[in-house]
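Chain lettering (A, B, C and D) follows the sequence in which the chains are written, and residue indices restart at 1 in each chain.
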Amino acid sequence: MKNKTVKQAVILGASGYTGAECVRLIMGHPHIDIAALTGHSRAGQAYGDVYPNFAHMDLPKLCTADEVDWDMIDVAFACLPHGASQDMIAKIHERVETVIDLSADFRLQDANIYEATYGRSHDYAELLSQRVYGLTEFARETLKGAKLIACPGCYPTASLLALLPAVTNGLLANAPIIIDAKSGVTGTGRKTAQALHYSEVTDGAQAYAIGHHRHTPEIEQELTAHSAYDVAVSFTPHLIPMNRGMIATCYVELAKDISLEDLRGAYIARYENEPFIHVERQGIVPQTRHVKASNHCRIGVFADRIAGRAIIVSVIDNLTKGSSGQALQNYNVSQGWDETLGLMGSPIFP
Amino acid sequence: MKNKTVKQAVILGASGYTGAECVRLIMGHPHIDIAALTGHSRAGQAYGDVYPNFAHMDLPKLCTADEVDWDMIDVAFACLPHGASQDMIAKIHERVETVIDLSADFRLQDANIYEATYGRSHDYAELLSQRVYGLTEFARETLKGAKLIACPGCYPTASLLALLPAVTNGLLANAPIIIDAKSGVTGTGRKTAQALHYSEVTDGAQAYAIGHHRHTPEIEQELTAHSAYDVAVSFTPHLIPMNRGMIATCYVELAKDISLEDLRGAYIARYENEPFIHVERQGIVPQTRHVKASNHCRIGVFADRIAGRAIIVSVIDNLTKGSSGQALQNYNVSQGWDETLGLMGSPIFP
Amino acid sequence: MKNKTVKQAVILGASGYTGAECVRLIMGHPHIDIAALTGHSRAGQAYGDVYPNFAHMDLPKLCTADEVDWDMIDVAFACLPHGASQDMIAKIHERVETVIDLSADFRLQDANIYEATYGRSHDYAELLSQRVYGLTEFARETLKGAKLIACPGCYPTASLLALLPAVTNGLLANAPIIIDAKSGVTGTGRKTAQALHYSEVTDGAQAYAIGHHRHTPEIEQELTAHSAYDVAVSFTPHLIPMNRGMIATCYVELAKDISLEDLRGAYIARYENEPFIHVERQGIVPQTRHVKASNHCRIGVFADRIAGRAIIVSVIDNLTKGSSGQALQNYNVSQGWDETLGLMGSPIFP
Amino acid sequence: MKNKTVKQAVILGASGYTGAECVRLIMGHPHIDIAALTGHSRAGQAYGDVYPNFAHMDLPKLCTADEVDWDMIDVAFACLPHGASQDMIAKIHERVETVIDLSADFRLQDANIYEATYGRSHDYAELLSQRVYGLTEFARETLKGAKLIACPGCYPTASLLALLPAVTNGLLANAPIIIDAKSGVTGTGRKTAQALHYSEVTDGAQAYAIGHHRHTPEIEQELTAHSAYDVAVSFTPHLIPMNRGMIATCYVELAKDISLEDLRGAYIARYENEPFIHVERQGIVPQTRHVKASNHCRIGVFADRIAGRAIIVSVIDNLTKGSSGQALQNYNVSQGWDETLGLMGSPIFP
């Protein structure tokens, strides 16, 4: 029998960074207990051996998914690689009330685009048709009671929060939107690779996946869904030497007769009651360090030198609002709880 | 009339890093409200302009100490420079229930040593005689109901937590103790100086204040107080390119017939019920990154290659357990509250 | 009498980072001696006290410009702030053979644009009319024997090297060019400011000067000079936590019927014999860490997802090719020497 | 037939960081050409693919040792892992004039200590008996014409340069010497490991190998060789978040009646004519950032607070003076060349 006042959670793939961020946040949540942590390659190990920052806490050992007592579980936070995630969710979704998927597997509505983007088929069309895309601030109605929630990618989260108020209000011209994004290194996950060696990353920077990053179709899907026309996006990410943090610098052409004041006004109006989204005062440029380890997003709206153009900049913590924080926020909404539960920790600065 | 269920706090010197860390922690405390924030040079500014990570929060503006409505204040957290702190505390201590001093002004019992160390006189002998030295884990009895609490320096906190179980149990020979410490850059405060320019600090390291760092007499005072003889300490700090974190690597000679097992056993016994102090399993070396932004301290006890010697290593976050976290912990104890209130946030990793 | 086989150099403003980089490079140049180093606020100090990395070298003390024996000087490298530079150059240009200005003062041809951009008048129209703009690879003919060379800004250097092969060959549509740039912290100079404190810079990133950075008119000036029409540039710089390094990510629309292969071909053809400019093989993204402390520039040319658009990425070391290295390269060309003298040190990695 | 005016070098293990640093330095050496680069696992690849910072240079492809035309080779710089190095050197030492070993294999004179320390046997006793230990400043006589040179480890280099002037002059008491060392991350090599992932290293620090680091017997061997008694060393290294740089902070007890002035005087006298070793003026603390990417070592000598004790601090770049720079310096001496050839590049700061 499931516990009715405190929900029992499993974190699938708890040995990765998004899994560990789920653990950190859920430990501060009043209505969720961590009942199980899975980590295939490290099953059997104490979680504090994998993440010594949690060594003092009373947490379950890592186990395999087969070892989980599914009858005890209310909610699964899936922090698995894409592909593995859909297979696992197909297996377990009927045994739990809610699945929160942090992978890419249920973000794209169209299985063909998924296949073209991620290089494997999507095998669970029915599940896909039921999932809710959980960019929380733009999905609250559909999130209520949702059973399968696809959390947006980190880059789409930063980009969409920066662009949707303009798009939903028809303030942009039908012209390509250019998004130049910068991410901290935790966005690559905890995998071991020479390119992620400290000495190969620190004190340098680079673009990557130019012209073909997998988050681009997701950004286009959502912008187009909120627009009267198909939106074309040019998206280029950069890796920069910091742990957490993400900037989306968005270059847009305004619709005819739309002023910068119109644009800023739309952002202020849209976000003024949002607990986590903050529009900077005029002239203030948002910085990633001011949202670190928090679920907050800060947005600045600026005039371009070129008439009729604007620049919109958003910053988030890629692991929190860009992943595990938004996942928890989505679960809060799905349960009808206060959306900010477990998420009110201040950003850590410096 | 003072609020009896929620204490009203002023943070004096809230524009510095320890002040900001007090704000962060107190915002998560159930029984304390922030009633005022002082910052002499930035009085009148919104706190979010000084610390944009708090811009979304409802906090008082910075003001001068004269502008504080002292009748409303229960507790003052003094995050002022040494010297300024004693003068301010002398003025306000009778108007509040409790003063928690994070400066160096009340750490040294002997006003002459204070003067020799800090280059100015100590002018409040009576206050000094009443203060409690707040290394929490070794001061709980005296902290209860204390009116003026001197919080230890960051280096003394890391060093004393690493050494006191050995000293209080008489496990060390009467020989110089060598402490080689390493600190992150927030330990220097937020002051502006060419030597603290990013490009002068990153990707390099150095010792500083060799042979004359001001925290050394404080470490000796406390070790000697818990010892049968005067303890001699050689203390050398290093500045390393990270924001938060501190290591104290302590080189000691064991007393006759004391084994490494005796030593480790004493640490395990002393700290096994402590909520914030953790002795690593054999062979595990503590890392600063696993206590970041938390009140935790991790300690490792190791045999030296040289017979009869040991190496004890502790790590803390210099801003939290080394300063504002311990300050709040002390206040919790002084009030008879659960000592961990407001301090249970997990370390942030990565 | 001036030395004819080895040129005697003064570095004006040697206490800043570009001055120090001039010292480093000139120390390895076979035909230049450092005769004097000026630094107004630190005059009288040993250079090794200001830059301990040079403490073992035999270098002149810092002095004021008045103390320089101008009869001995052949060439002045002016590393002064804008404004101060034009005043100083006006005073000394007739006393030396060559002036290499690393400031912004002689970059803009139009004194009115200078005034609008830098907030003070340009007072030396005649000098301005004679200066050569020293983007070396595109200025060799005019650099020969030049007396006053204006070295491009760091952002214009990275941007122009990335864009000129396309522009000079008419491969771009007449549409706004969007340049999203990222710079290491040395680009801000050695000035002391809270915003440049290590703890305010590390582990975070932000855009700055959005819509109004001073290097934008310079980029437009040069692109327009090589184009059949006025080029419009949207330029947004970002500060990222590394010491040296700069990326210019340039988003362009191709002219009708121009393919990506045409574009890449133009870059390869233009740069194949350049000693310092390197076009990456297809699919390779240039990284700042691979040009660190060198005069090299690496460029990648990529198709955008959006048909008819391309993305061109260049990386340089802002202090070397972006400033002092190019200055020395320009002097080499002006003297008819091998252009690579003093500049063949390999990039430092890691 | 071997080239007599320019020596032909092979770098064995050129895919690691010490190999790459050899390449960088030798490219600036007037009398050495790089004839071959070996890298077992990456044989066949262009060197610029493995180290893109060298992509613009004309260098041989990586090959296996078997593919090297040994008849063409004068000198081998062996940058192989320990164990592999001795086997390779045994095979090729008769085919080349000189072998410079940068591994640990020939550092320890006593094969039994080698075996106890490195966990495998030393199989080439005759070679071991002929090798010269190349701490250059203390080995010039034996280095002349040497055929097999064992370059010291990075920690021994920093430690011995800090301690030998005291030891050789009998200025220390016969008491344990405590060395607390800090190293940048390149000291761990380019190997791939989760513990070396950027996000696991940055913004944190830790000790490691406490009580059993493999460089300790080497330090003891050399100190004892220059002393009248067996020297006991307690050596503890720390990993700190920077690329290059190493500090050895040495805590010593002075011999009876030896003053701090005596001690400083001995260092000044010993090193005043050394091109790469510099004793700081009184009160100046050496910093790693001021020797970066150079062969220099800076040393400070300080009084301890405890009477009769002193603290000696040295800084080097672990990849240069701590490895490849000293290797080249040793080869210069062995050939009778100017010792500074190829090594006069200034430290890179910032």
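The rule is simple: a residue touches a chain if its C-beta (ideal position, glycine included) is under 8 Å from a C-beta of that chain, and two chains touch if they have at least 3 such contacts.
From a predicted model like this one, the values you see are computed outputs, not experimental measurements.
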Relative to chain B, chain with the most remote C-alpha centre: C
Which of C-D, A-B or A-D has the same interface as B-C, meaning more than half of the contact pairs match by residue number? A-D
In whole angstrom, the CA-centroid distance of chain A from chain B equals 36
Provide the C-alpha centroid distance between chain A and chain D, rounded to the nearest whole angstrom. 46
State, to the nearest whole Å, the distance from the C-alpha centre of chain A to the C-alpha centre of chain C. 39
Could you say which residues in chain C touch two or more other chains, in rising order? 17, 186, 199-200, 202-203, 241-244, 287, 289-290, 292, 350
Chain B partner contacts - residues on chain D that touch it in the complex: 176, 178, 180, 182, 184, 199-200, 202-208, 210-212, 216, 232-236, 238, 240-245, 247, 249, 251, 285-290, 292, 300, 302-306, 309, 311, 313, 315, 350
Please give the residue numbers of chain B that touch chain C in the complex, ascending. 17, 185-186, 190, 192-194, 196-203, 241-243
As the complex stands, chain A meets chain B at residues 17, 20, 23-24, 27-28, 51-57, 186, 202-203, 243-244, 278, 284, 287, 289-294, 296, 298, 344-350
